[in-house]
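Below, subunit A partners subunit B and then partners subunit C, in two separate complexes.
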Partner chain A sequence: MATTTTDIVNGLPSAVRTVLDFGRGRWLWAALIFLALLPIIGGKTGLIGNYGFMQLSLMVVFAIAVLGLNLLTGFNGQISLGHGAFFAIGAYTTAVLMFHLHVPYWLTLPVAALMCFVAGYLFGLPALRLEGHYLALATFGLAIAVPQMLKYRHIEAVTGGVQGLQLDRAVAPFGLPFTANQWMFLVALAVAVVMFRIARNLLDSRTGRAIMAIRDYPMAADTMGINTAHYKAMTFGISALYTGVAGALFSIIIEFASPDNFPFALSIAILVGAVVGGIASLPGAVIGGVFVQVIEKYADAAARQLAATLHLPIEIQPWTIYGIALILLVYFMPMGIAGGLAMAWGRAKRRWPALAGVK
Partner chain B sequence: MEQLFAQVAAGLANGAIYACLALALVMIFVSTDHINFAQGELAMFSAFMCWQLLEWNMPFWLALPAVVLASFVLGVGIERVVLRPLHNAPVLSIVVVFIGLLTIFNSLAGSIWGHTLKAFASPFPRVTFPGSAYFGSHQVGMILVTGALLLALFAFFRLTPLGLAMRAAAQNPASARLAGIRVDWMLALGWGLAAAIGAVAGTMVAPVVYLEPNMMAGILLYGFAGALVGGITSPGGAVVGGFVVGVLENLVAYFGNVLERSTGLYLVGNGEKLTVALIIVIVVLTLKPSGLFGSVMVKRV
Partner chain C sequence: MHLSRRLLIAGASALAVALGATAASAQKKYDEGASDTEIRIGNTNPYSGPASAYGTIGKVIEAYFKKINEEGGVKGRKINFITYDDGYSPAKTREMVTKLVEADKVLFVFQTLGTPSNTAIQKYLNEAKVPQLFVATGASKWGNYKDNPWTMGFQPDYVTESIIYAKHILANVKDAKIAVLMQNDDYGKDYFNGFKTGLGKDANKIVQVATYEVADPTVDSQMIALKNSGANVFFNITIPKFAAQAIRKAGEMGWKPAHYINNVSASIGTVMKPAGFEHCQGIITAYYIKDPTDPQWAKDKDFQDWTAFMKKYYPAGSVIQVENAYGYAVANLLIQVLNQAGDDLTRANIMKQAANLKNIQLPMILAGIKANTSPTDFYPIQSVQLSRFKGEKFELFGDIISNEMASQ
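Up next is the complex of A and B:
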């Protein structure tokens, strides 16, 4: 009898097989537990400093923001170039509550979520009549106008105008032995886990199928009795809620909110994250969030390095790389990194059936 | 009243820029059905090229045609290289590519020319004429240039065989192809024309706002508003829309100011210009997407 790879796998000790069996849940939990232990593993040993934890928290934050855009654009087919606006609304809701009313930071999150849901829903109503390019255009305008709106004179007393609002540091409760940055990393992680879980459930539900049906074939969805207008506006609201919560966490983490934190570039960064990660994928949102933050931090150095190695007469800026990455991805990996990986994994499984866990 | 008149005049001058940009947007929309989010950055890039030529002591009226030509080539190149492979791609891919182009041109201009504000001298001689209390010579120059541009385009599309071919390719690509028109080259040509018009807009606006990589974001939004008000399928409409939006922008600020002085209530001012543009865009899109002069789109089910 010829030995196949399947036999080899089945012959392995069960412990090894467990590892090879890419049961999604198990891997996910392992990764999450590892991340949750990071403040102890990395923090207490000094491997990761406070700055490092801040970077990690911001990755989580952007993962949530990108997830919001994914829900709207990837799963519902509505293009938004202006999600930075909802990010800003979330951030300012939290900042105003903390600064003026001294609300504890964790209590501001649900309020920010609600505010952004309402804002998104309201913006989604006129957007119902817009499709494709036109919706992109309206949201593009939103992204450009937001920094200016935040400086509107009548709300200056509340928003702090150009100076913005300086927030108190969110410290660990009950005397837990974490620094503020480590603690906020854990908070952001917990929020992210809950929100990704909810997104998963939402998409797996009847509602989720309706949302995706509208993306794939709006007219057929309508004929099937799906209330397209209701679902589209709702999805806009939910999407804004996600991105808004990310914004709220953002302002708590950087302890600051000012109009210049939410430029047009922020909206583009969220879009870049979504496209790079994979526009209709939850893991893609995580990849996208990490990408946005990593690029933000390292692209500058990388670009300089690149310009030096190629002996270019000019400095390359990170945004040039952003742009080129965007265009190349559209050509070669339209489903983003997550889609590309999934495809490679599918190919590998066909090539080596044992990987698929054939018993 | 005096002031109101001055505001309208200033609005017309700004409107000339919006009209140019709107014209460029319409050009691409008509020939390819895409809304070019990178149009503003392309115009900015062209303005920088012109500035560079002026720095090298080239006279303006020589530099402008050179830049317009270079921009034309750039536009054709972008269509052929970047957008050609995406002819049947979903809208999202196209939008993402435009955003990619936007960031590339914006950051490249920053890399090459830096982020410090650069003064850009007005190419028009400073002369006094009746009414120069309201219009500076640059303002009049801008309006004249926009008018000339529109006339030239009108003549091109109505009177030349190439213009006819372009219109045919835009209206009915399949039949045009059967009639022997090279439709894909017509699209590239549309892009080239748009980039060339954008170059004119960029060089005209540069003396007003100073040269800087981010100078176009707000202006582009007004260009969009102008194109939408006029109807994004109509070149003439875009020009009218551009002027309307320009005047509207200044009037809103003016009446906001009047309101504040008479009642003490601040509602809108210069700080809300972009918000006003956003509201115009959304209102037109939701209430009358075809604009004033655009053709109503009918979707086949």
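Up next is the complex of A and C:
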């Protein structure tokens, strides 16, 4: 017999095998420590500039926002086309507190979280009677209305109207040697770690099983004594809380809040991020966040550059590449990128059983 | 002999000093984004989203720089114009401008479009001391050289324009009773506040104000209310769609006030024609740019140059869109600044030269309207000429009127 993959793996030096056997949890920690060290590594070597850190921060922000929608749509089965509205409410809570009351940026995060939880819970209560398309439509209305309401004349003194609010930069405390962009990346990362951890615990708990049971078979969940109405409204509130915190971080990073920051397209972007990443998966939310920030914004620029470099005689209009990428993804990875990767990993393990040892 | 040698040495050293001096004055100075071969300029435009009609400004500017580069560049340096889509979202403008400054390392930012978008980046650019030149918005707040010494506007602002209408009304209409229709946002308010400033103590001559929202389907009910107020002057602060509706409605109701319309909607193609020429007779507006849909320019050399340029460098662009004339004019002004800056391509000198423009006549801008700036005047174009609609076109009349806001 020819050598199998098992032999190859066994033949590897033990150091390499240790790395491969590292285990998933520890991989995650290693990745997080690496990310947390990025401002030191990237900043010192100059490999990642301030713009790079702004990008990374926004990826983290959108990962939190997508996670919020994932909890609602992926785990609880309620559709929302309007999470941009909660993103906007969180963003404005922070902006108003910072601009008018000079509250330190980090203190605004819990306030934004609370505001969005209440807003989401209250919106969730009447929306409970709505199913499927009707709920989608109601949330759609929310996404359209909120940015317009921010322009409303009588609250203009607070919201700044169309002109928006310009915020002070959040700088690193205690004279730490980080630029504002590097520091905000660390803040966003820390918030994300906490919020993903809480989401993980929530889903693994009794509450989490109730939330998913409602998604899978509402009537059965009801008969088993789960208070469907309560759980659905709570999930709506928690989901809004997550997305709202993301909005709050967004305001701090962009240093500006204006109604035009939150067009209806933002709600769709969050939904697309959730579906593309993997709708009922926590790693999927991270992939979704990266997708929202990178693919949506830079696919066209990259394609245009490619066309220019190759001297292709085509003019690529905005959104073309994004649309095509979306169609291909949905065709080839119907369970999102996270689902697609998991399936590919499973297939690889069947093909080369030795990999099964590598968790 | 001895003496002459000493003289020779003295002469030589004097020459050396002189040479050194000229060498020093001709020394090239660069900030990030400029070099012997290149000048990098950053820009954002709404190529997608609700305001994508304006995106053509970015494209025509790009086409103009292509022409400059083909002709050898600015003093041998090629212009590298880096422009990104911001979808008219201020957050995205902020992100893209960070990219332009921190990653693409542009020398300065030029013609970023939209009032909220420019607000979102103003503080950042002023803190980073990167010029934010000739922003594409008519709001009146872009010439505040004291608080924002790195930001400069370009076109006549809304306040200036309405002050000019107010002065014309007071001088020409007896017992003016003024009705105003305005869009309910910052653009509308900027115009309206300027108008009240222009009227001064006669502000009580405004007898009725009606507002509309961009999302409204029509302004019919507002027009009826304005007519019933008994006004004999109508100041129409609307964007093209509503301007055409208002003109048509006034005509259909048989209301014939002295009608002033803001320059925003002074387009024959998109406003007057759809409103019906018969309803437009006598409407007064202020122009600073040549409306490409106006047939009076057909034989104008300047206009022909522009259409030739469009045909060669931007064939996909429309030659009836005033935005394409606008972008062409402002790109010309930037080249003037770069030429003045010479080999001292530092950010400070770019700003210094932008604030030192003297009587620059730009193409596609009305003859006699000139760009002027100084260290205390950050409003380049401050003049307009009134024109009255007659037949199927606007006829310019009167002198070029300026309202210097420089001291503000």
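Note that in this section the second predicted complex is superposed on the first by the 311 of 359 C-alpha atoms of A that agree within 3 Å, B and C clash if a C-alpha of one lies under 4 Å from a C-alpha of the other, contacts with A are read in each partner's own complex, and residues count from 1 in each chain.
We adopt the following convention: a residue touches a chain if its C-beta (ideal position, glycine included) is under 8 Å from a C-beta of that chain, and two chains touch if they have at least 3 such contacts.
These numbers were taken from a predicted model, which means no experiment stands behind them.
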Partner chain in contact with A:153 - subunit B first, subunit C second, else both or neither: both
Which of subunit B and subunit C A:110 touches, first, second, both or neither: neither
Partner chain in contact with A:346 - subunit B first, subunit C second, else both or neither: neither
Contacts of A:166 with subunit B and subunit C, given as first, second, both or neither: second
Touched partner set for A:126, first subunit B, second subunit C, both or neither: first
Touched partner set for A:177, first subunit B, second subunit C, both or neither: neither
Touched partner set for A:268, first subunit B, second subunit C, both or neither: first
Dominant contact partner of subunit A by residue count, subunit C or subunit B: B
First, second, both or neither for A:319, with subunit B first and subunit C second: both
Common interface positions of subunit A, toward subunit B and toward subunit C: 148, 151, 153, 315, 318-319
Residues of subunit B defined as touching subunit A within the complex: 33-35, 37, 82, 85-86, 89, 91-97, 99-104, 106-108, 110-112, 217-218, 221, 224, 228, 266, 269, 271-275, 277-278, 281-282, 285-286, 289, 301
Contacting residues of subunit C [partner subunit A, same complex]: 47-50, 84-85, 87-92, 94-95, 98-99, 101-103, 115-117, 119-120, 122-124, 184-186, 215, 316
In the complex with subunit C, residue positions of subunit A that touch it: 49-52, 54, 58, 148, 151, 153, 161-164, 166, 250, 254-256, 258, 260-261, 263, 265, 297, 300-301, 315, 318-319
Subunit B contact footprint on subunit A (complex, rising order): 73, 79, 81, 126, 129-130, 132-134, 136-138, 140-142, 144-145, 148-149, 151-154, 219, 264, 268, 271, 275, 279, 314-320, 322-327, 330-331, 334
